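Structure provided below as structure tokens; questions to follow.
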Amino acid sequence: MADLDYKVIVGLEIHVHLATKTKIFCGCELAYGDTANTHVCPVCLGMPGSLPVMNKTALEYSILTGLALNCEIAKFTKWDRKSYYYPDLPKNYQISQYDLPFSEHGYIEIPLESGETKKIRILRAHLEEDAGKNTHTLGNFSAIDLNRAGTPLLEIVTEPDMNSAEEVGALARELQRIVRYLGVSEGDMQKGHMRFEPNINLHITKNGEVFKTPISEVKNLNSFRAVERSVAYEVRRQLAAFEETGVTMQMGNKATYGWDDDKQMTVLQREKEEAHDYRYFPDPDLVPVDIDDAWLGEIKGRLCELPIQMQVRFAKEYGLSDYDAGVLTADRATAEFFDGTVKLGADAKRVCNLLTQTGLKLANEKGVSVDQLRISMENLAKLAKMADGGDVSASAATTIFEEMAENGGDPAQIAEAKNLVQKSDAGEIEALVDAVLAENAKAVEDAKNNPKKGKKAMGFLMGQVMQKSKGQANPKIVSQLLNQKLNV
Amino acid sequence: METLKELRDDIAAGKTTSVAAVEAFFARIDQFEPTVGAYLSLCKERALEQAATVDAKIATGEAVGELAGVPVAVKDNMCTTFDATTCGSKILENFHAPYNAHVIEKLNAADAVIIGKCNMDEFAMGSSTENSGLKQTTNPWDASCVPGGSSGGSVAAVAAGLCAASLGSDTGGSIRQPASFCGVVGLKPTYGRISRYGLVAYGSSLDQIGPLTHNVTDAALMLNIIAGHDERDSTSVPEDVAPLKDYLAELEIPFEELKIATVPQLNEGADALVQKAVSEALAVYKSLGAEIVEIEMPHFDYAISAYYVIATAEASSNLARYDGVHYGHRTADPKDYIDVYSKSRDEAFGAEVKRRIMLGTYALSSGYYDAYYLKALKVRNLIRSDFTKAFEQADCLMLPVSPTTAFKIGEKTDDPLQMYLADVYTIAVNLAGVPGISIPAGFDENNLPIGLQIISEAFSEDKLLRIARMHEKETNWHTQKPNL
Amino acid sequence: MTTKIDEAQVRRVALLGRLELSDEEVAQFSGQLSDIVTYIEKLNELDTDNVEPLAHCLPVHNVLREDVPKPSLTNDQALANAPARENEYFKMPKVLGDNSGA
């Protein structure tokens, strides 16, 4: 294949399950993996005579997400029926939003490999109901479970602003982080809380002319890996197809693909975009919604600092590496716990190390978030300051952290009780140093005058002092005193 | 024949019992139902049990509801946990709802005894009840004539004395027109006044449940029972927006300085005897001191067009769920899942339902939406403004209900458009969402009843009923009963 | 009689509405729907350029419910009307493809 100059163009459609207690239009509780058709009622079964009533929390979660995605929130919004026949769609229409979605024209900032961020424009976000599930476990028959039918679903559509599989993956992950920060979705990929549909094509420059390949839409991807790999696969496939046939985009040659995870390839589902005729019209069973300033202001009050903003701030203000900043901002609880602790005057790097090296591991083992360990931000800050001030060693700090995580308590008291306090009293340490120097003339000699053995001798003397102090002398001070007395 | 209120009072006073009342109605049902065909299902045993319970409560002085022990009937598009809810359709012939409609709960709470569910045009689509997929109902005044529709069964049951009162539903005249054909009182309340929860939808932005009764007093009593906000219906209007009234309280007080609007130009479209009945009714009001104002309703003529776009568009979507997947009729031997849809629907829907699904689907389909559906919504706005202007000039509007009296069974079935055109006087009321009532106002040369339609502004049912009652007090049309 | 809605149109609409019409029905509907649509086009006599569409006559907006669970039906209640069931599921002839709408 000759090297072609090309640009990857990807837009993404994302469906996010909102973490409400009940479905969007009825009081059935959301449930994953429960017995089929036990979280259903006349409304979500689409029974004759049943009527939908909008879940306020679902709408507020949607608006909150729209705000976090920097969208304009409509003052007036309404619900429309989208008609198509499918056995997991009990009414054979989906209640969705057509021409007046509650939010439009935003952007999401995603982290790039380089440490920079990139803005991807959001075309719109709207609220709709999810369908049930067809399973194919009965040979020639399908089994239908409607437990999922009516789950509130936020559909987010981006502009085609992504230019690589990595960027698509970064957006997917960033969105997961955002919805989790906001608490509007658990964003659990395994449970299908987030589903992705990339639209992919290439702009190929050949002999000074730009050719656009036909757009592929890959349906229903539910892991980050599948999103990235399907995009990467489509890039290769479209390049090869262009090389072979020169096929370019025309009206109506957008094709729909599925992702075969076993074969790691996309599989053609429909050659041409079917002549869908969804017959949208305003749902007469629901009334429109006015979103006034007071309500919007109240929802705005629930916004938090976004993960990407925190990540950038941690790196910039606290001097953390991109990696550490990324780890600390993976979830909101950790990020806020870290940030709060640092704001109490603790050293950022020290707190970062305690949290990333010990805290996250412990929290993970216990299945809680770091702020749910038995350590307050105040006590963590105190511990960090103790370690920085030389009151305890780094390893002692870890021990104290573990003890606090398990049983709570004040770090100074724990250090005391466990004999982990370092002696920093220069006078007391000086006496020990003098004693050691007096007892080890040979080593003193080597340290002073033998360039070959000096370093080793110094280490030996250091060890002797530490031993005499039962490990409680502050090694920094010991080292200072030794250097001073031996003039090295 | 006792009215709802009389029977209610007699049972409450111990002059008769609910069991006796139920048995009396079933005796009449045994005798006349084979000819009238008002009911799709009857629940005698259940009714007698309920009646006995109410009787026992009354006997021991326990508190009972406002319709305690009174036998009533409901149109078969209201979901009940007893008996099937068929909507007059083969597709729901064996459908048993797992819940009760809001109005059924209200009737139960009032201790009314529901004795059966009434025949109707399939999914309430029709003006003669001939479109029922399950049964033929006849007009109690003349068995060769239709009872009107779509609430034909509910109306015939009241007119023939096969229940004390009933509930119907009105999307384009389906309460008022059959009430007029059978000489009973039929009230379509304001859209939003009564919860649609559990009413099987035809045209969701137009459908409204209402009472069918022997007289205006009974209509007020029934409205007292069923009106009110229901949080399960987003289109049910909260009471702070439209306060509820005790509709019986001021019913007997004539409306002073009553101003009635008429539209002479519109009346001309009706049969001569219908026009005469309307004029005579106006004369009655004049004699009571009312002032008659002649007005124009410039967009009224477009109501049928707008209605048959909007109602069918909504219906095409509302009826999409009848697909043989989760409930209802499924074709016997589907070769694939598409067959389940297309064959089940083709087999079980009647011609009128298919026609309206086709029309509504067409109006919403790509390339036609703006020209038909959107245009119809705009015209709907113009029609509503006609009413708004009318009510700035008068307290109410009086019109015929139907251009004709009851027609012969089979007379119009071949020409759906002609059937639609007969809805001319009732349809605009649904588009505007305002309340309308049909009251008995005369008879034609064949002794078939003629109705007068009175319309008032949204949520003014108290006024509407008072005005209707003024006419009733001066006339005896409502006391005439068919000779079965 | 006009054929405003010819048989091909009737078939297109019938497909959208999932009605498997017989040839006879198609012919009949073509005529009847053409008549009706011709009548409906009376609407075009009105200038509606500056008129807002009215989907609803209600004086109400913002009808929202609190996110509070209510009892669901039991599995047996949910499936009581099912034309065909398999264990806890509704049963259908094998469904092909993906839900293309959601």
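When the chains are written out, they are named A, B and C in that same order, and each has its own residue count from 1.
We adopt the following convention: contacts are C-beta pairs under 8 Å (C-beta built on N, C-alpha and C of every residue); 3 or more make two chains touch, one makes a residue touch a chain.
The shown structure was predicted, so the numbers you read here are calculated from the model rather than taken from an experiment.
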Chain whose Cα centroid lies nearest the overall Cα centroid: C
Pair exhibiting more inter-chain C-beta contacts, A-C or A-B: A-C
Longest centre-to-centre distance from chain A, chain (CA-based): B
Centre-to-centre distance between chain C and chain B (centres being mean Cα positions), rounded to whole Å: 24
Separation of chain A from chain C, taking each centre as the mean of its C-alpha atoms, in whole Å: 41
Chain A-chain B separation of Cα centroids, rounded to whole Å: 57
Residues of chain C engaged with two or more neighbouring chains: 16, 18, 55-56, 58, 60, 63, 65, 73, 78, 90, 92-95
Where chain A touches two or more other chains, by residue: 42, 45, 53-54, 83, 85, 87, 92, 142, 144, 146, 277, 279, 284, 286-287
Where chain B touches two or more other chains at once, by residue number: 95, 98, 205, 231, 234-235, 316, 320, 323, 325-327, 337, 341, 361, 365
Parts of chain C lying in touch with chain B, wherever the complex brings them together: 5, 9-10, 12-14, 16-22, 25, 29, 32-33, 35-37, 39-46, 48, 51-60, 63, 65, 73, 77-78, 80-84, 90, 92-96
Contact footprint of chain A on chain C as seen in their complex: 16, 18, 55-56, 58, 60-75, 78-79, 86-95, 97-102
Complex interface listing, chain A residues touching chain B: 42, 45-54, 81, 83, 85, 87, 90-93, 142, 144, 146, 277, 279-281, 284-287
Chain C contact footprint on chain A (complex, rising order): 15, 20-22, 26-29, 35-42, 45, 53-59, 82-89, 92, 94, 128, 130-131, 134-136, 138-146, 153, 219-220, 256, 258, 269, 274, 276-279, 282, 284, 286-290
Touching residues (chain side chain B, partner chain C) in the complex: 94-96, 98, 191-192, 205, 231, 234-235, 237-238, 241-242, 299, 301-302, 304-306, 308-309, 316, 320, 323-330, 334-343, 345-346, 349, 351, 354-355, 357-359, 361-362, 365, 372, 374-382, 384, 416-417, 420, 431-434, 458
